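Each chain gets a letter, A, B, C, D and E, in the order it is written, and its residues are counted from 1.
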Amino acid sequence: MTPATLYGLCAAALVAIGLFGLILHPTPLRKVISFNLIGSGTFLFFGIAARRGAAAGFLGDPVPQAMVITGIVVAFAATALAVALLLRMLEAGAPTVDGPPEQPDDLSP
Amino acid sequence: MAEFLFAAAAIVLVLTGLALVRMLWGPSPADRMMAAQLLGTGGGAIAILVAIASGMTAVLDIALTLALLAAFAAVALTLGEPGSKRRGGGE
Amino acid sequence: MSLLLDLFTIVAVSSGLFFFLAGTVGFLRFPDTLTRLHALTKADNLGLGLIVLGLLPRCPDLVSALKLVAIWALVQLGGATASQLIAEFARRGGGR
Amino acid sequence: MMADATTPGGGLLVLALMLPAVGMLAIFALGLRHAERIAHATLLAGLAVALAVAVKVGQSGQAMTYLIGGWRPPLGIALQADGLSAVLMVMTAVILCAVGVFARGSFSSPRDGAETRRPFVFWSLFLGLWSALNCAWLARDLFSLFVALELLTFSAVPLVCLDGSRETLRAALRYLLFALAGSVLYLMGTGLIYGAYGTMDIATLHHLTRADWATSLALGLMIVGLMAKAALFPLHLWLPPAHAGAPAAASAVLSALVVKAPFVLILRLWFEVAPQPASTPAGAMLAGLGAASILFCSVMALRQARLKLMIAYSTVAQVGYLFLVFPLVMGSAAVTPWESVGWTGGVLQLVSHAFAKAAMFLAAGLIAEALGHDRIADLGGAAKAVPVTVAAFALAGLSLMGLPPAGGFIAKLMLLTAAVETANWWIAATILAGGILAATYVFRVVGSALAEAPEGAGTTAIARSRELAVLALALIAVALGFLPLQPFDYLAIGRGGMP
Amino acid sequence: MSLVVDLFMVLLILTSAVWTVLARDRRDAVIAFIVLGLQLSLVWMRLMAVDVALTEAAVGGGATGLVLLRACARLQPVEAEGRLPGLRAQIAAGLLCAGVGVALAAVILAPAAPAPSLAPAVAAHMDEVGLKNPVTVVLLAYRALDTLLEKVVLVLGLIGVWALAPDLFWGGRPASLRAASPSGTLTFLARVLPPVGVLIGVYLVWNGADHPGGTFQGGTVLAAMWLLVMMAGLGELPETRALRLRRLVAVGPALFIAVGLAGFWMADGFLSYPPEYAKPIIVAVEVALALSIAVILGLMVAGPAAKEPER
């Protein structure tokens, strides 16, 4: 088994784990983190395609590598937007996407 | 020599990887963040060992970036916490 | 000469590994947060420092050598401030 | 058709893509004082570009192609306007222009020149949305289409929560999470495609794809991701609150145009990327979900108390019709898909629904402005206060029901014909049942609007130009009904080389 | 031997990933996610994709981690932790996800042979662009349209974040990033690190033409340094209505589009460069883009305006 294949399997597992979190977590922040996990796994798929496509003196196919860089930028922007949105929603007083709308403000430690 | 350096990189990976146990056990967020810190340093060490062993000096830039941002997460962790008036109960 | 150089690298890198080992063991075994922090800084300071030292003579060019030194310096700076911040954070109650 | 070289006038495609983006950046960098002027200038120029593209495509009978930077696919990226893209571009431009006229009333900048939030955000994202849509219609590269989908998400989501209330923020966040999940599934599919074929270019893939397990999984992931973005049942939950919560001008664009982009991508994947003939069970499954959308969400629309929510549920139902296309086109082996009645009917449904739904949302917005609320039960007096608007609503409603002479009638008739021809009786039954349900919920609103105004209900005056913009959209939706009942050559332009 | 090390690496990654999903405390999840980012950057190095490794190191460890940790700090006092639903739902979802994972794994285990690749095509036309880093060539020449549109995505994202400000605060400053309890250590770090960091950021951008690195990596590092200064309270975030700031955001994408359009009469068309000037033009675009990226990322992390604009 080549390292590329091994990390490809790892990517499949990352996607599965992230999907689990995305489906099950009730709070938006955890959903956003899970989305990032799936994203990482997805980028790795491009990475192993790149590694397997090593040719012409390159150690990897640069095209999917470039796509991953674009993808990482977009994923960051999405994360920042989602976090800004959920913090704003919190100020407006609705912490969960589908759970009960409000929690008391002073949870004691 | 390259083999020795690659092996050294592998050993650093195993050693710092064990710090992951602290990330799981904690018990405090500070402990978990320290695990991240150790993994960051370890990552830098691995990168420079690989860079010199393989002759791919570009890999040194990875180590440079990791080192530059090493303290970043720790700084972020202490943001707004817990000095603010509304102290929270996490767990 | 080259044998001597090899020996120097092996000794320095191995000692670096030893400090990483010591750091990790301490980090896992010590009983409270602050002492664990001490163990951690050992790996940061000495572990990485010795590895950098051992690799310096093998750098293909001056720029790489400078980068190695810069990496070491940055990890020193980052590690020291991060542990300071984490310590303050833990002392304040660490958000527990 | 392989994109081998740039065709004459191909630079227009670049303009279609870049003009709105430049307008958006200009608004951002120059501040609000010029926002409206920039937006309107861009609208006019963009409309001209879209029409020019459509005319050129029609005249030459060939798809227009532009190779970005002169790099040929698969290394580079090709933009291509075939007949379908040209129709979609014109549709987008016309609807956005009408919405632009409408929105002057709700998002004009204040007189004193100070920048305010709502106009700034609306106009800049409005133009961003246009860039995104044109990119989705024109790009022939799976990864560029991913970027187009992201552009779409990033400009659509903030429009949903423009009023900043708790409900709309929640709707926007839910929309964003669904959209991101859809994007990541789509991206995963493209990654697998690249791993298997080493290209993202649709024209190149058309000749490469094999009917193997990896390709099916990749296409399946992409289509499921796009389904979430197109709000196909049961992934539709995000749509009604999001589209109902947005300001009317934004709702119109979201419902009429934004949900269409993922559907068009599915269409392209299905007919241009997937190995042919496409899988029958998968087509039946998509159609089954479409039928479920139609029936379930039409009933939901009937049960809504608020006008905008009703229209939003109706969007899910009407998008369901589009997914009926897949089994209808596969049955006929003698003719290519785009020469079939089913394909043409599907595209016509897309276009006529876009005009009708834009008109309906804008009409709902004007009614709500005039009466101060949008409770369906209390719409009495609306016909007196804003008669043109209510008429526009009713005309648009004709199209949704599929009654003659509206565009929706001919679209649904074509789908029905195709369903009968291919002996898909359950699809035919669904189309008829959906029409009856749509008639019920539209008449409920119109009947209520025709009633006498309750005592003491005040109304606000509405600018005539805004009412006329709405009416124009509704009239276009009806006028589409006078097209002949046969496959159009125009929609088949650019597909000559395909098997 | 090396496969054993890889296997260990995979084990570490999966541990972090599982903990990211299962940790009770959301901050623990975020820390695990940051650790995962570090590990993934090593994986990218192992896959010989140094450019991606740099991006992951800058974003995973830096920018995304900061956004998420900041969210935790603001959520902690208010929002209760959500719990995963009951066992039955977990099993059902787990089976579904495992199914997806197994299907993906099956595809990975049966790769196309020979592996398809555009690497030869990339290599064949490198001379026409004049840069030596193939990834930069793909990003700024062959697939420049994607890169350009991705910058538009970033600007739209920033508008989206700003759109969340209450009407009253429009044009004002974002909420302060300053640490709640200012400490001498942080101030010290924020004085010493940025000069070095800016140097490294500029170096990454400059170096990106011929060696791994580039606009996004460099821009992210610059943004991180800016944010560090803000967090230490050594500087104040600008008002979001400031036109100078707006122009800084727009300059990169605007220059890119202008260069692209200039290609209509300077070269073969949109986004093509005249061969003899390709390299200086691309470097100029990269510098402008890096500047814009740094400002956009910083502002996206800072969030919408949270104070009334000053009169």
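Note that contacts are C-beta pairs under 8 Å (C-beta built on N, C-alpha and C of every residue); 3 or more make two chains touch, one makes a residue touch a chain.
Please read these numbers as outputs of a predicted model, since none were measured by experiment.
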{"item": "Count of contact steps on the shortest path from chain C to chain D", "value": "2"}
{"item": "Smallest number of contact steps required from chain B to reach chain D", "value": "2"}
{"item": "Chain pair, most C-beta pairs within the contact cut-off", "value": "A-E"}
{"item": "Distance-maximising chain from chain E - centres being C-alpha averages", "value": "D"}
{"item": "From chain B, the most remote chain by mean C-alpha position", "value": "D"}
{"item": "Chain D-chain E separation of Cα centroids, rounded to whole Å", "value": "31"}
{"item": "Computed distance of Cα centres, chain E from chain C, in Å", "value": "27"}
{"item": "Where chain B and chain C are represented by their mean Cα positions, the distance between them in whole Å", "value": "11"}
{"item": "Chain E, residues touching no fewer than two other chains", "value": "2, 26-27, 70, 74, 76-78, 81, 104, 111, 115-118, 122, 142-143, 146, 150, 153, 157, 160, 164, 181, 183, 186, 189, 193, 196"}
{"item": "Where chain D touches two or more other chains at once, by residue number", "value": "75, 143, 147, 150, 154, 157-158, 161, 164, 169, 188, 192, 194-195, 198"}
{"item": "Chain C, residues touching no fewer than two other chains", "value": "70, 74, 77-78, 81, 85, 88, 92, 95-96"}
{"item": "Contacting residues of chain D [partner chain A, same complex]", "value": "75, 143, 146-147, 150, 153-154, 157-158, 161, 164-167, 169-170, 172-174, 176-177, 180-181, 183-184, 187-188, 191-192, 194-195, 198"}
{"item": "Partner chain A, residues of chain E touching it in the complex", "value": "2-3, 6-7, 10, 13-14, 17-18, 20-21, 26, 29-30, 33, 36, 40, 43-44, 46-49, 51-52, 55-56, 59, 63-64, 67-68, 70-72, 74-75, 77-85, 89-90, 93-94, 96-98, 100-102, 104-105, 108-109, 111, 115-120, 122-124, 134-135, 137-139, 142-143, 146-147, 150, 153-154, 157, 160-161, 164, 214, 216, 297, 300-301, 303-304"}
{"item": "In the complex, chain E residues that touch chain B", "value": "2, 5, 8-9, 11-12, 15-16, 19, 24-28, 31-32, 34-35, 38-39, 41-42, 45, 50, 53-54, 57-58, 61-62, 65-66, 69-70, 73-74, 76-78, 81, 177, 179-181, 183, 186, 189, 193, 196-197, 200, 204, 207, 211-213, 217, 221, 224, 228, 231"}
{"item": "Residues of chain D defined as touching chain E within the complex", "value": "6, 11, 14, 18, 21-22, 24-25, 28-31, 66-71, 74-77, 115-118, 120-121, 124-125, 128, 131, 135, 143-144, 147-148, 150-151, 154-155, 157-158, 161-162, 164, 169, 188, 192, 194-199, 213-214, 217-218"}
{"item": "Chain C - residues contacting chain E, complex", "value": "70, 74, 77-78, 81, 84-85, 88, 92, 95"}
